[in-house]
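The chains carry the letters A, B, C, D and E, assigned in the order they are written, with residues numbered from 1 in each.
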Amino acid sequence: MTVSYTKKVSDCKGFGSYWRLLFRWRGSLYKLVWPDTIVYIVLYFICSMVYRFGLNELQRRIFEQLSLYCDYFRNLIPISFVLGFYVSVVVERWWEQYLSIPWPDDFALLCTTYIRGPGERAKSIRATLIRYVNLTCVLTFSAISPGVKKKFPSYKEMLEAGYLTPQEQRALEIQAGRTSVTLCCLPLMWCCKLLEGSRTLGDLRDDMGLRLLVEEVCKLRDKAGMLIRWTDISIPLVYTQVVTMACYSFFFFSVLGRQFLDPAQHYNNRTIDFFVPIFTLLQFFFYMGWLKVAESLVNPFGEDDDDFELETILERHMKMTYLLGDVTPNEDPLATCDDLA
Amino acid sequence: MTVSYTKKVSDCKGFGSYWRLLFRWRGSLYKLVWPDTIVYIVLYFICSMVYRFGLNELQRRIFEQLSLYCDYFRNLIPISFVLGFYVSVVVERWWEQYLSIPWPDDFALLCTTYIRGPGERAKSIRATLIRYVNLTCVLTFSAISPGVKKKFPSYKEMLEAGYLTPQEQRALEIQAGRTSVTLCCLPLMWCCKLLEGSRTLGDLRDDMGLRLLVEEVCKLRDKAGMLIRWTDISIPLVYTQVVTMACYSFFFFSVLGRQFLDPAQHYNNRTIDFFVPIFTLLQFFFYMGWLKVAESLVNPFGEDDDDFELETILERHMKMTYLLGDVTPNEDPLATCDDLA
Amino acid sequence: MTVSYTKKVSDCKGFGSYWRLLFRWRGSLYKLVWPDTIVYIVLYFICSMVYRFGLNELQRRIFEQLSLYCDYFRNLIPISFVLGFYVSVVVERWWEQYLSIPWPDDFALLCTTYIRGPGERAKSIRATLIRYVNLTCVLTFSAISPGVKKKFPSYKEMLEAGYLTPQEQRALEIQAGRTSVTLCCLPLMWCCKLLEGSRTLGDLRDDMGLRLLVEEVCKLRDKAGMLIRWTDISIPLVYTQVVTMACYSFFFFSVLGRQFLDPAQHYNNRTIDFFVPIFTLLQFFFYMGWLKVAESLVNPFGEDDDDFELETILERHMKMTYLLGDVTPNEDPLATCDDLA
Amino acid sequence: MTVSYTKKVSDCKGFGSYWRLLFRWRGSLYKLVWPDTIVYIVLYFICSMVYRFGLNELQRRIFEQLSLYCDYFRNLIPISFVLGFYVSVVVERWWEQYLSIPWPDDFALLCTTYIRGPGERAKSIRATLIRYVNLTCVLTFSAISPGVKKKFPSYKEMLEAGYLTPQEQRALEIQAGRTSVTLCCLPLMWCCKLLEGSRTLGDLRDDMGLRLLVEEVCKLRDKAGMLIRWTDISIPLVYTQVVTMACYSFFFFSVLGRQFLDPAQHYNNRTIDFFVPIFTLLQFFFYMGWLKVAESLVNPFGEDDDDFELETILERHMKMTYLLGDVTPNEDPLATCDDLA
Amino acid sequence: MTVSYTKKVSDCKGFGSYWRLLFRWRGSLYKLVWPDTIVYIVLYFICSMVYRFGLNELQRRIFEQLSLYCDYFRNLIPISFVLGFYVSVVVERWWEQYLSIPWPDDFALLCTTYIRGPGERAKSIRATLIRYVNLTCVLTFSAISPGVKKKFPSYKEMLEAGYLTPQEQRALEIQAGRTSVTLCCLPLMWCCKLLEGSRTLGDLRDDMGLRLLVEEVCKLRDKAGMLIRWTDISIPLVYTQVVTMACYSFFFFSVLGRQFLDPAQHYNNRTIDFFVPIFTLLQFFFYMGWLKVAESLVNPFGEDDDDFELETILERHMKMTYLLGDVTPNEDPLATCDDLA
């Protein structure tokens, strides 16, 4: 579920509002980083214990040399730089993926405008068209999101939720046996046929309306297709590996390199022994947190705290399209234009 | 209220104009940073006093070691780097949010072009259409902006301001009881129905005009929907936390690390005791200011000095759409085309 | 006036062409930076004189400590980093502002295509439509640019330049008394009405043409509106202040910090006394120049050397739209299609 | 074949999922970097052996000086900086190239909507139109991708795969003799002619449909043309050379510069002799990996692990367009609109 | 001529392919940088000779101080940073300029679809329309590219190449005497008139077609206009000067600063005398190469190796539009739709 805090930070008065965000748990840095942190601390203290109690004088001198060496050289890899570039690619893709989610409200508005007429037929055509569009959304979302898949594991659940009729289910099942391509967009074809049919019968008021509706169907297909392709084409694995390897090896070597050494040896910047490596942990939090930003955004359709809630969006689409598509009951403030005269 | 200074810096003559911007208070760095600064200074001087007067010789040596240690290690976190990337994400989103504000001028122009005819009916249709569009703006803005919400806390105030008729208010209220989705876009559905009706009656001159107007309605809905979604989907909390934590911990440790130490000890770069840490304060101003840029832009619909003035925009929309929609009285320079012949 | 040098650097042969650009004055770094430089040099030498001749030995030692301190600490603020990010925001906005300038050529082409017919009426309709569009340009530009405002301080000058007729002037003046919103786009409403009228009379050949022309009018309004909004919404003041303060304080402290100290004291990297601080001046030029890039681009509608020449664009629009709109006399290579047969 | 791992990283629970990505071979860093690494290791150890066993005392001192010198100066070139900028240009182009791949699904949907009618003729027109579009895809892809070229080296294979009829093959071959330009888009011209013909015959239901279909053909041509142009216009060679040279020379000099020197000489940071240069290899992996990101993405139509699988896309296009274009058999849930009444 | 190497680097197997790019001359770093390099080397060695043979002991000590001073301080200007930002602005503009080149293929396809009919008239209308569009390309390109200007210095050469008829040449010449604006787009006005005429005569099949063709004409005009404006509005001169000055002064001072000093003086990092400054030259190559990337891309319509080949594009446009516009002879695989039945 997306963590929405924008309203909490609408003002920047007094001490501002960002510091308050530090005390949240859902979707937070702490929640993402704690398992790694614990492993890191355990490793660090094992190492520390060995150095302090397990080694003789000579071994300690060698350990110290090793530690200084690790500390010096792990800095040769500019992880802040590569993380900066990598995270901005990830954040950009994350947002573009959000924009790729199909939003059928306009389709519903166009149905309301163009498919009118006396009797119930126009209304049931509108309802069917809107259902087809929502069906495409369900099929697409369940192909990319484990959460939606869990809710709608098969056509049966969609039937129960009112996205499908039994005939449609049969049509989808038969087709699934015939072809290997995804059937997400098949309902949009039915949609197009129904539009053409209703134009022929005169329920769709003019050619312009047919065109607008068909274009809207194409836009929805583009978005649905794009959503699936986002999941197919990941950020090149090499890039992700380079960043991950840099980050993990940096901290792997810091277990040795950031040990507190005997102040009596007067190594540079090693004049105090705090026992608890506050700054190293801070650095760990910082860089690991930055990497976790990437990790939690790279697939925003999962079940992380910060992923898009496709289930909620599906429900909203259903309700909103029926509302704007003039299918559910609602009062009109004006019966006809003549009221205005 | 947005702070607009562009006209003041139109020329870059003499010493330029940027230095003059340093002497402004509204929306300024100083206004945003002063509370944090005072806390910081107080902490700093408490610490300074303790060091200077509260410790014995030995404790002072330890304090000095601690201070040097903090000073050295707080630099391990590249806050300028992460701030740079974070702030550019925030600034980009800030501007895109501005561009998402619906602007109904084109809708009014299209009404003027296509909905004409003798008598008053065409004019009152235009007025109603424009009112519906403005109503959507009010409903949307009050959902995202505390300022607009304060001005229009309920339908009553909108009714008084002329955005609603009593029938419409009733229709909205009944619908609010039926559905859980936002009703911001319901007036746009009424708009679509009215357009269709006026086309049927012949007030809307051709199918092309119906199409253009409906497309414009869809554009406005897209923008209104987008506005609400901007508020729902914040920049991932982890990212904000990483940046905030880095920045605050940097300065927390600088309280210790940037103390003036006894020059007599001849520590590196610690040869003068100024008492007032000018450079540290400058650095505080600089980094905190940079963070405040993010903080004040992350939700641009609040009541910061630099937030978009949605109330003013609403008023302007009302006046401008009535003007361009040919609803308010205005003189035409040409009565008919025949004047040109 | 924009400084156009692209044609001078079309080839990159021999020593390339960039070095030749260093010897230009108009719109140059030198022209922008010299007043600041002189102030800086004066301050620097006053300080230098005091150090060299005004202080006794002890005071000089203190001065030297102070100088070393300033030199070390002014580097704590990463001005190159923040300048880099800030300037890229400014450059991006500068170019988007350029792209927001309305360009009515397409409108003229559409008029030529669709508004034809025997007799003079079609031609005079075209002329009026084009005049309205140009009038909107004038009104918009004079609202944002001091240069255009100076040329067209009131309707009278526009009347003389042929953008207005007396009736139109009266219509604008009456309306100005009635409403507080800007009237920049009112001529576009007249334009729409005239288009509708000429379609009704049959001078505009088909509904498709009416639609294309109205859409083009909307595009022009969008751009005109956008231009005005660019000026309203500046880059947040905090950001500009952070950058400016960083840059000025950097150089303020360098007056002390970059003094040549007595080489006999053997301070680090202070072994030569050049008297003239070449490198410091170079650095001053570099960073101040970078800041001036931002300063001169932040409002590109002023009268800097590098600002867009809206006056010239206005004249060009007038001539080009009359040419492409088939209003000024011109020869057609083909009288009719039959010539081709 | 694209390496798709997004679904594997949908959640960021426990230790996250990125570390698991480190153990993949296909498309991995290791696979790309190992040949260079082996060469590097061999060079390194030859050099190391010479230093350790082949030189006398004096020569070793000289070698050490040389090594320190190389180590110091190779750091003067900011390869992380230039790699960061270069790789972000490459990644951006890589994604835009992906978006340029033509996707004919919308065309098929439009055919289904507009080309209907009793009898078989409408269906066979749809089939032919879709075949033409797919033919353009094949011709374009085989012009840019060695993999597709291998699968379809000549018209014969396309004929066998059902993209071409013998007449069409003949038409293409004759035209190839007449002109030197690429014939990729010729089938789209046939497509346009067929559309016009079917409109004249009445199979295409209205002018609006003809327009939509022709516009879709133009969009496909734009994308096909763009694909070919992406291959023509590479990132400027100078840029690539600068980056490559920087990276290779950095590691060339590190062979000398990163040798373990005799600890007995007490050079700075050279106090331990590990024999195996772990950190240098890590650095090599890191920078070379980053360069390989660029190298493997710069032409995404090749046969790297991470390149786009155009063969698979072609097959999918064929199946999907026949499905959505209502050419292959499929059940309709609704026979006519009347079912809804 | 553009240097196209993408196909050479389609695979990243073995040692990858980038190292092979280092051995190219056309459009290469070496070709661009060698003149500067030679001047640099000459200066360097003159200086070196003076130091080694021309100075007495005392003067050498002073020289050494000067050299160390220059070496230390030239690093104060972050040229890698400013080059990084500047080059990314240039590369972005370079690519957008490429995308602004008008591409008339779609126009030809639309002509083929909509302008049909028995007899030769439709064909000769198509030919004329396409010629007008190509004429606009020639006129635009010759205004921005010295290469095209050289090939078509006056209307005479265009007449010979078949872009113009004598009447059209006359019309252009008369108009050139009347107005001061560029006539690049005048042929597009003729195009619009001819389209309107052929619609009136019935050669253009429907209003929708007229609209599509006119819109395409507008798109071409936009691109042609944009091309010319790219050349008018350069990257602000200040920015270019800042970068150039930084880069040149950096190397100017390195002539002194990077001299090999007497190792016997034991200056820091100056312990070896190589005589040939390998690393300094590498750095020179690197930074100068990076600057030359900008220099050769800033005007991509010149005659650099990496500039766009507008002459070739013109020829291709001519052939391709005649092919797709169904003007040159070509076989149709289908005579009529009835063949499909």
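Note that a contact is a pair of C-beta atoms (placed from the backbone, for glycine too) under 8 Å apart; a residue touches a chain by one contact, two chains touch by 3 or more.
Note that this is a predicted model, so its numbers are computed, not measured.
Traced through touching neighbours, the fewest hops from subunit C to subunit D number 2. One inter-chain figure worth recording: subunit A and subunit C are separated by 39 Å, centre to centre, where each centre is the mean of the chain's CA atoms. Averaged Cα coordinates give subunit D a centre that lies 24 Å from the centre of subunit E. Of all residues in subunit E, those touching 2 or more other chains are 32, 81, 84, 88, 207-208, 292, 296, listed in ascending order. Arrangement of the chains shown, judged by which pairs touch: one closed cycle in which each chain has exactly two touching partners. By the touch criterion the chains form one closed ring, and its order from subunit A via subunit D is A, D, E, C, B. The part of subunit E that touches subunit D in the complex is made up of residues 2-7, 9-19, 21-22, 24, 26-29, 32, 80-81, 84, 87-88, 91, 94, 98, 103, 105-106, 109-110, 112-114, 116, 205-209, 212, 269, 271-272, 274, 279, 282-283, 285-286, 289-290, 292-293, 296-297, 305-306, 308, 316, 319-320, 323-324, 326, 328-334, 336-338, 340-341. Those residues of subunit D that touch subunit E in the complex are listed here as 32, 35-36, 39, 65-66, 68-69, 72-74, 76-78, 81-82, 84-85, 88-89, 119-121, 124-125, 128, 146, 165, 167-168, 170-171, 174-175, 178-181, 185-186, 188-190, 192-198, 201, 203, 207-208, 210-211, 214-215, 217-218, 221-222, 225, 229-234, 236-242, 244-246, 248-249, 253, 291-292, 294-296, 298-299, 301-304, 307.
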